[in-house]
Amino acid sequence: AAKGYAAQRIFASYSVFKGKAALSVTPVLPTFTKLDSGSLVVDRRGVMMFKFLPAIGERKYDNEKRQMIALSVTEVGSLISLGPQDSCDIFHDPSMKSSNAGQVRKSLSIKPHADGSGYLISLSVVNNILKTKEYFTVPVTTAEFSVMKTACSFALPHILGWGRLTNQLPRGTEGQPSKVDSQLLDLEWDK
Amino acid sequence: AAKGYAAQRIFASYSVFKGKAALSVTPVLPTFTKLDSGSLVVDRRGVMMFKFLPAIGERKYDNEKRQMIALSVTEVGSLISLGPQDSCDIFHDPSMKSSNAGQVRKSLSIKPHADGSGYLISLSVVNNILKTKEYFTVPVTTAEFSVMKTACSFALPHILGWGRLTNQLPRGTEGQPSKVDSQLLDLEWDK
Amino acid sequence: AAKGYAAQRIFASYSVFKGKAALSVTPVLPTFTKLDSGSLVVDRRGVMMFKFLPAIGERKYDNEKRQMIALSVTEVGSLISLGPQDSCDIFHDPSMKSSNAGQVRKSLSIKPHADGSGYLISLSVVNNILKTKEYFTVPVTTAEFSVMKTACSFALPHILGWGRLTNQLPRGTEGQPSKVDSQLLDLEWDK
Amino acid sequence: AAKGYAAQRIFASYSVFKGKAALSVTPVLPTFTKLDSGSLVVDRRGVMMFKFLPAIGERKYDNEKRQMIALSVTEVGSLISLGPQDSCDIFHDPSMKSSNAGQVRKSLSIKPHADGSGYLISLSVVNNILKTKEYFTVPVTTAEFSVMKTACSFALPHILGWGRLTNQLPRGTEGQPSKVDSQLLDLEWDK
């Protein structure tokens, strides 16, 4: 099986620049492995990457001190189903299954402003190995949050890999027709 | 007419793994038949496949004992229009038009948790021929259900085959221009 | 300018079959004219075609006696913004600007069931030339209407021709880069 | 790096023609710069262009006297998150960072009709250099506003450039597989 099947790199984020920090959101699509049969299987899952940069002057942000958190598709589901009064908290341990488990702790928090005029998005990163604590806050307006929800809803099926499914057929008609794989459907009737 | 015109197989499901069972959801696109005129007609309808696997240990699921139910586009319409208090039940008889009609009965049920924190999705399969009864339950959170609704809403027009319609034009401009088929539109004015 | 630039015909409708009539809904994309400059301009607008067939027996419908009404993008906007208690009526005169104006009158009506369980969709066609009156009624469930709303929302930007805009870029990167057309954007700054 | 990488020009607007003016809405996609590495970076951001033409007779509009305002993605977020009672105002200074700053002032206003039957969209352009004031008003129905919201929601991820991200993978599989760029994901685990 051919591993590591990827595409051209494209940089296109939705970014908001605020007084203390900037937040930039980008979808990262899944990668696929091609089986010997020619089928494609999701290899590494897609995520929605939230990147925070601290402000170091007027409209200047320090890319060296950035921190990132990669939301899974279900965590994106939390974000897009947030009602105007709802908040959500997401906790990650980047070294979860290694010997450093528990040493680094990231938490992303989304809380509505009391007056309903938007949300406060914040990321805290506590690193017990480096003895560092970092904390970023980015207030977002209702309009900015609406862009995030709309863009994340658009991206969600693509980070699941379903965009490949729905894009594939037209190519089928251009090239060589392959045999219908009826097994998948027949399975319901099998038992 | 050329039958069984299909595309590369792609495996990309949305899966949730819970204590008693796992549930995995995948769109299955329609297949098309190419007419001698070159037109394409939907041959077998697309569905949304819900696959359940029973748990057989911690984070282990038995693929041999899986059960599937294939939701039609209208059944997907039921799912995506469920309000927070709504439930829905879907009944299938896989051998409906055969001599075994009524012998196997599948029912998928989606019920909201009393506290509004998500849904319980369950599948029951009663097989009178094999004298078996199987029952799967998978609790899903609000965030997980939001992923299912968003991903199923995305997939719905594609399992109808409309993705082919909307993807086709750009290719038309690359290749040979074909005569406008004005009949379809003229029909409104015909009578 | 090259007229009548069209694509492969594809048949993929959403159809509901009921006691007195069947209703089938299909998007019809716009056609484009290619200017000498290479630009594409919408030539004939896209529509959402609603086709009604009267029942002539159990699960049998008479295609010869079909009647169609082609909804404009704004009429599709009416349909997808219908709340659970709302109704809408759409009137067409297919011979509007001809000498037969006023002789044929089509009206599509969408009314909610009193118990909130769906809608009644009906089409009336009164033809004063042929001295005929036809009337079709198709009750649709909440799930079926949800399919129509979701599928029509998906199709709406495509019947506007915006799918061409959003699909075009990837092709730009495969072929020859063309000069950026900055005029469009500069216009805001011009005056 | 290759600049000014653009695609075929396509004209496909959503237009409403009213008594005093016409309004036409078109997405303008971002342009990309190709880096030497082959990656693509957003060069100029996409916008949603709102163009107003004054009426100069029955169903006649003066294209020479048009005025435009280009909504950023966040301003589009304002528009698509407007509730039935909400209004929004958008101010632009087209010469913002030049010596003419403050001399031209454009404001777009969207206000609901008192009876809930739609919105009034108006553009005012005050030009202190030319000593001109222009004012356009276009009443839009609920159905027309629903088309704008649906079409702008569709376009939003594309004016962000995310359509390129989601369209790219299928091409990856047709051509030469490239090495997985794992840096992006690894960054979360780096610190």
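So that you can tell them apart, the chains are marked A, B, C and D in the order they are listed, and the count of residues begins at 1 in each.
We adopt the following convention: a residue touches a chain if its C-beta (ideal position, glycine included) is under 8 Å from a C-beta of that chain, and two chains touch if they have at least 3 such contacts.
Note that this is a predicted model, so its numbers are computed, not measured.
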Turn needed to bring chain C onto chain D - CA fit, degrees, nearest 5: 90
Distance between chain centroids, defined by C-alpha means - chain B, chain C (Å): 25
Chain B and chain D: spacing of chain centres that average the CA atoms, whole Å: 35
Per-residue multi-chain contacts in chain C, two or more chains: 32, 40, 164, 167-168, 171, 173
Category of the chain touch graph - line, ring, star, complete, other: ring
Contacting chain pairs - touch in the sense defined above: A-B, A-D, B-C, C-D
Chain D partner contacts - residues on chain C that touch it in the complex: 30, 32, 37-42, 73-78, 80-81, 153, 156-157, 160-162, 164-174, 177-181, 184-185, 187-189, 191
Residue numbers on chain A that touch chain D, as the complex places them: 2-14, 16, 27-29, 31-32, 34, 40, 44, 47, 49, 67-70, 92, 94-95, 104, 106, 125, 127, 130, 141-147, 150-151, 154-155, 158, 163-164, 167-168, 171
